[in-house]
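Order as written gives the chain letters A, B, C, D and E; numbering starts at 1 within each chain.
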């Protein structure tokens, strides 16, 4: 069972590593969207600093959202998902492996690059630190919850935007707490509350989302 | 030739109308992203007003970007694109029909809903008017330039984010001028300059983009 | 004439012909570069306002100029490759992109490093900085597309087309960003105030610019040679070279 | 337990888009048995096979594996069966060898590269181990699936149109694989429109008799 | 002009992924001629057909239509040929009738619903006019293409594995369609692995002779 988890994880990572462009892309999308805002809003440096946590978080969220398809869609379309569902191993384990792969390929790079963008948007050092923590706790939740959404829409043609409709409302709490934590940190106040909330949500998502997602797959992938 | 244009346009519109969810989706995505910002940034009303033009424009841009795939990707994958390229009619005409369909299905709804969002974000009446004009001139360019990007990446697996990397830099002038026009209008200044610029870009895109896009298709769709 | 161009631009011919060029370009780049650096670092006077930190200009400005220059070269040779179907031109374009991206990056990094002492921050959303960032994305897009398409011929033509579209857009981008900046009240805190160039600074600056261009010429020739070897790996002339090794 | 058939379908019913495809369909498959599902285009062969696999829920009836509902004995059932559908399951980015390995991994089979290479040679992909999936022709894609089935160690093969896109040698190969598998005690359920010559006992079920087509 | 063959391929060469598939391949197709491209999986049949269509550029050589390069006489050439590949070209959201119409529209043919319905009945989709594409079985999808070819009014049919997923009646239908088309002066280039019985003169080209496979 652990082996099945590991093999699937490796397979998904390898698939992404083969397309080098794909690997860098959520990252580049993230950076691009973050840069769009100063260009569009033309803020004063202070205004920029106020916007920064929100903008960075929204961009991270959109970058994850856009790459969610990666989790199951391709597998559904080429039939591999059938094979996964016919695996003697519990589907939950396999879903978890795919979600982990997705996070390693999208969430983690965002966490790593975020400090740089924070500096670009003239965030303070403490705010940058909290930004990293909040993303570290928040992005796995985005992947986990996203997986449910993808499972539900996997059989829908052009499901991309339907997916966002389903998923974005679920993402909003994460967004609010994540951005708020950074915002609060940049005014020098403590943020343990927000980070605790994010951890709690992460624990919840980790225990429920793979299950929900695998149930959803059994329902929708029937063709 | 005009007939071929018309038939393809109707086909694409019909395809979208059949999936009602798809029809509403760019719109809903637009609205959702616009609402994400106030949630994430939690600005004061005045700050919100300053942000509004930029946020609305960025969201519109992202909504269009996300729906670009619609133009050629599906057709490539099911082989219909081959049939279009084997049409005795000039490919440019067909590309133009597909781009127009895309704009009618994404750009136009955005233009129509934008005043409402402008009011939500407490823009002034003049600013809202200019917002509509700028979107009316700008969104067709987004579709046209987007078509080039989609044609170039149509054969690429998971091209979604590659597409944004290619396209977003090209979108930036539109974004700057569009958002800026609204911004300037909301301080009560004249915006003919910006709108003229947008019109010029639209004329340029209209004359060059379909050609570039059809050349790109002949190059990339060879399999 | 046409035949002559065809022959002259065949990878095989290029491969043998480029050796002396590379040698001379490399030597010239090294000599001029070292002399320019010497003048820049030791002869040019210390700036009364910025102290010695301004000396980064001798890297920063040539890198920025070169970055823009390379994009032009890339777009033009991509155009030649598409219109006249000259494979060598495609190779030059493909070989230029990573070099151009590197210099764009270098300009950004040196600029940021310089920005810290000058403006107190690594980055401001200034017109020139922004358009440089966009240029970097244009390069990255070209390279990503080039690597994402498997069929070499399609990859060349597709990314070449992108380079051309980008080139059409560069004036638009430049104009819009420039214009955006003039309306940009906030950034005036950190005005882009260029030091009035003293002749003792100008000469090393120009020397460095020439050296950078020569370095690019060297690199692009080397990279094009490698490209041509790789792309023609199944053709006879490459096989013959390999057999000789 | 030994009197129970290996796989048993009990009065299955399938309705798609208001069209009744079949109902009251019962049959069973024992060890060493080969069963062909016959019928014209659109009569429900694929739907039936997917129901048997548990990928689709029948409108009525049930499928039993050694007497137990397959939904209840998934682990057991899926460990001993392999299914090949209309879709190729090939990843464009993975090489042929990695594709086979990825498929085997879903069944948690540890197989050495050498064994996979032998199987690939058998299905005519000897020099293609390191070619990425996207560079394969349609027949070569299907051949990867043959290698997968061959190595799957499954007792029950469920094959939906396994001859699709295969050339003459490919068809002969598939036939001999089925015969060998049966000789080794395995069972096969398959569909095909292109006559398969199997020199062995074989049952067949005709679908779609009850449906009138104009 | 009349001495020129309708379609002529001149010393075509195709290389994929460093593998030379064929080179120096020349042939021509006259009116009322049926040409089968034969060869094992992966020998380059699909690639050849796509080159003939102008969807792919050959590494060397050229394809002429009435003596002119097809790239130069696209309008003319495409008005008189129709191509069917491995992919079904079916839109999930459109009904069967609309799918056929959409395909015909690409060729700017104005055809009444009644005519399309007759053609659909001929290919065995009589009661399916209003069924959406996504609710079709794989064979039914391919049958839509048969209706398209039938109605295309093209002189030259280029068919890549037209028998895929077709049942026995479907195969017979395709055969009779080809024979009729030829009798009416049309030409066909096709590939298939599943023996087609055509009671007419037919030439065939064997691909992949020169390629050694281990």
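Keep in mind that, in the parts below, contacts are C-beta pairs under 8 Å (C-beta built on N, C-alpha and C of every residue); 3 or more make two chains touch, one makes a residue touch a chain.
Note that this is a predicted model, so its numbers are computed, not measured.
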| item | value |
| --- | --- |
| Most distant chain from chain C by Cα centroid | D |
| Size of the rotation, in steps of 5 degrees, that lays the CA trace of chain A over chain B | 180 |
| Interface numbering overlap (same over half, different under half) for chain D and chain E | same |
| Chain A-chain D separation of Cα centroids, rounded to whole Å | 37 |
| Distance between the centres, which are taken as Cα means, of chain D and chain B, whole angstrom | 45 |
| Chain D and chain E, separation of their C-alpha mean positions in angstrom | 30 |
| Geometric centre distance via CA averages, chain C-chain B, whole Å | 32 |
| Overlap residues in chain D, where contacts from two or more other chains coincide | 86, 93, 134-135 |
| Where chain A touches two or more other chains at once, by residue number | 19, 21, 25, 28, 32, 39, 42-43, 47, 157 |
| Touching two or more other chains - residue numbers and ranges from chain C | 137, 140, 144-145, 148, 180, 183 |
| Residues of chain A defined as touching chain D within the complex | 3-4, 7-8, 11, 14-15, 18-19, 77-80, 82-89, 221-223 |
| For the chain C and chain A complex, residues of the former touching the latter | 121-125, 130, 133, 137, 140, 144-145, 147-148, 180, 183-187, 189 |
| Complex contact set, residues of chain C against chain B | 134, 137-138, 140-141, 144-145, 148-149, 151, 154, 157-159, 161-162, 164-166, 168-169, 172-173, 175-177, 179-180, 183 |
| Sites on chain A touched by chain C in the complex | 19-21, 24-25, 28, 32, 35, 38-39, 42-45, 47-48, 119-120, 122 |
| Residue ranges of chain A touching chain B (in the complex, touch as defined) | 19, 21-22, 25-26, 28-29, 32-33, 36-37, 39-43, 47, 50-51, 53-55, 57-58, 61-62, 66-67, 69-70, 74, 156-158, 160-162, 164-165, 168-169, 172, 175-176, 179-180, 183 |
